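Heads up: the structure comes next, in structure tokens.
First chain written, first letter: the chains are A, B, C and D, and each begins at residue 1.
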Amino acid sequence: MESQSQIRVRYAETDQMGVAYHANYLVWCEVGRTEFIRQLGVSYAEMEAAGVRLAVADAHLRYRAAARYDDEITITTRLTEARSRMVSFAYRLTRNRPDGSHEVVAEATTDLVSIDGTNKPVAIPADLRRRLEAAVGSFP
Amino acid sequence: MESQSQIRVRYAETDQMGVAYHANYLVWCEVGRTEFIRQLGVSYAEMEAAGVRLAVADAHLRYRAAARYDDEITITTRLTEARSRMVSFAYRLTRNRPDGSHEVVAEATTDLVSIDGTNKPVAIPADLRRRLEAAVGSFP
Amino acid sequence: MESQSQIRVRYAETDQMGVAYHANYLVWCEVGRTEFIRQLGVSYAEMEAAGVRLAVADAHLRYRAAARYDDEITITTRLTEARSRMVSFAYRLTRNRPDGSHEVVAEATTDLVSIDGTNKPVAIPADLRRRLEAAVGSFP
Amino acid sequence: MESQSQIRVRYAETDQMGVAYHANYLVWCEVGRTEFIRQLGVSYAEMEAAGVRLAVADAHLRYRAAARYDDEITITTRLTEARSRMVSFAYRLTRNRPDGSHEVVAEATTDLVSIDGTNKPVAIPADLRRRLEAAVGSFP
């Protein structure tokens, strides 16, 4: 399974180099992750309301090309691993060219740990874990 | 009473116009407000822990000159009004020139309402309110 | 004329009060402004490439209700004034409820001045100004 | 050589989990990098004015502990490699406890490539490169 989300680069996200500031890519990955979890049939907002939060423990980004103001970016998200207290996601961010082709602007991975309201590690609820395990995949 | 805070414009805060993106000025005002409240002898973090939060209800910014990457900005904060459930702050943001002079980059005002953990309006605790009332001032 | 843009509140945009941080509303207004200008048949990116930039000179926000993580927000944008070197926009931000109704979360206005690549005021190009003047409207 | 920078976690930087949002750590690393380059006797602002920019090509962050609102964070920055068109930095972010001790909140590395005004790779100017090479070090 993979999810696809679209964002448009905001003026606020550019920097004086004339490109999207690199930290924003992590925000876009989170937009992709939210969508992926929604497609599992769980909203992340509901998960949090139930006392389970996913905190980023590790993030790795490789920047391939600049994203620019008003570019349409597609975030493709896959779940690469699902364990009792940790899940790993991989992301591919592509720029949609006017001619319909795509250019990879970045690839990223994040590991997230499941924590409770007091920031202690906690097992992912069984129902959610089953759905996560069934959705594991990876980029070819 | 007035407080003074210093920030340095971050690269992340610039946009492709080569200046600090305008929404960041609101963040800097909040840096000034945090410092003002700290100087009253209360930390905003403690206030929140006690269940009282100040939510911005109104904000007005007038931009006078561009702030640029690596500029040192001084945020001068004054409390212009303190009522039972609302406080108003005024801010003057100046750029520190290398020759020691200052240039006003923006002026702003914000009204904040006191709310509890469920976002309901609540009276500011008596002790804090007394300190706030004693600190009311305004820009000449 | 008015434009409508949709955004979904990002996790990155929340703060520890559990609501969208107030400075982000200015970013969302800019998303609305970009869309409004695009609907005029000009992209803001092209305008900048032609050497004309619109810098925010004044911003006023009134917050009516909290926007929360994953809320869908509609930004309705109108152009309230178009002069030789200045344009004014008004925004209404509404939260889309699951039942299809809307709640106003904020109203805002911004004044923007037209500047060239050296940050000097410059007249808005005649063609763009005609389109802007024809699009002036206001909220009832 | 290493540089040390201090920041205080801003309210704007928190998220609804009650901790600093993870993408902000990349911004803080950039604050550290700016300071490191300044201590070499070059300001990054001057470097950019001379047409050389350092674009982030790779970033890796490992989050060790939560940083919270109003925490004082020290960013220790080292330059781990300096080549003709690429430099690598390592960062250690620590939270300053009231008792004077420190807790590591994150460690990170970034690779940056030297590009010109048209985003083409370009050799780092000889003078700067000599200073960079002399400053290479690493965390024990």
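By our rule, a contact is a pair of C-beta atoms (placed from the backbone, for glycine too) under 8 Å apart; a residue touches a chain by one contact, two chains touch by 3 or more.
Small disclaimer: the values here were computed from a predicted structure and weren't measured.
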Chain pair, A-D or A-B, that carries the greater number of C-beta contacts: A-D
Most widely separated chain from subunit C, with each centre as the mean of CA atoms: D
Distance between chain centroids, defined by C-alpha means - subunit A, subunit B (Å): 33
Chain centre separation (subunit B, subunit D; CA means) in Å: 27
Distance between the centres, which are taken as Cα means, of subunit D and subunit A, whole angstrom: 24
Contacts with 2+ other chains: residues of subunit B: 11-12, 16-17, 19, 23, 27, 30, 69
Chain-level touch network, classified as line, ring, star, complete or other: complete
Residue ranges of subunit A touching subunit C (in the complex, touch as defined): 8, 10-12, 27, 30-31, 34, 43-45, 68-70
Residue ranges of subunit D touching subunit C (in the complex, touch as defined): 11-12, 14-19, 21, 23, 69
Sites on subunit B touched by subunit C in the complex: 16-17, 19, 22-24, 26-27, 30, 48, 53, 55-63, 66, 119
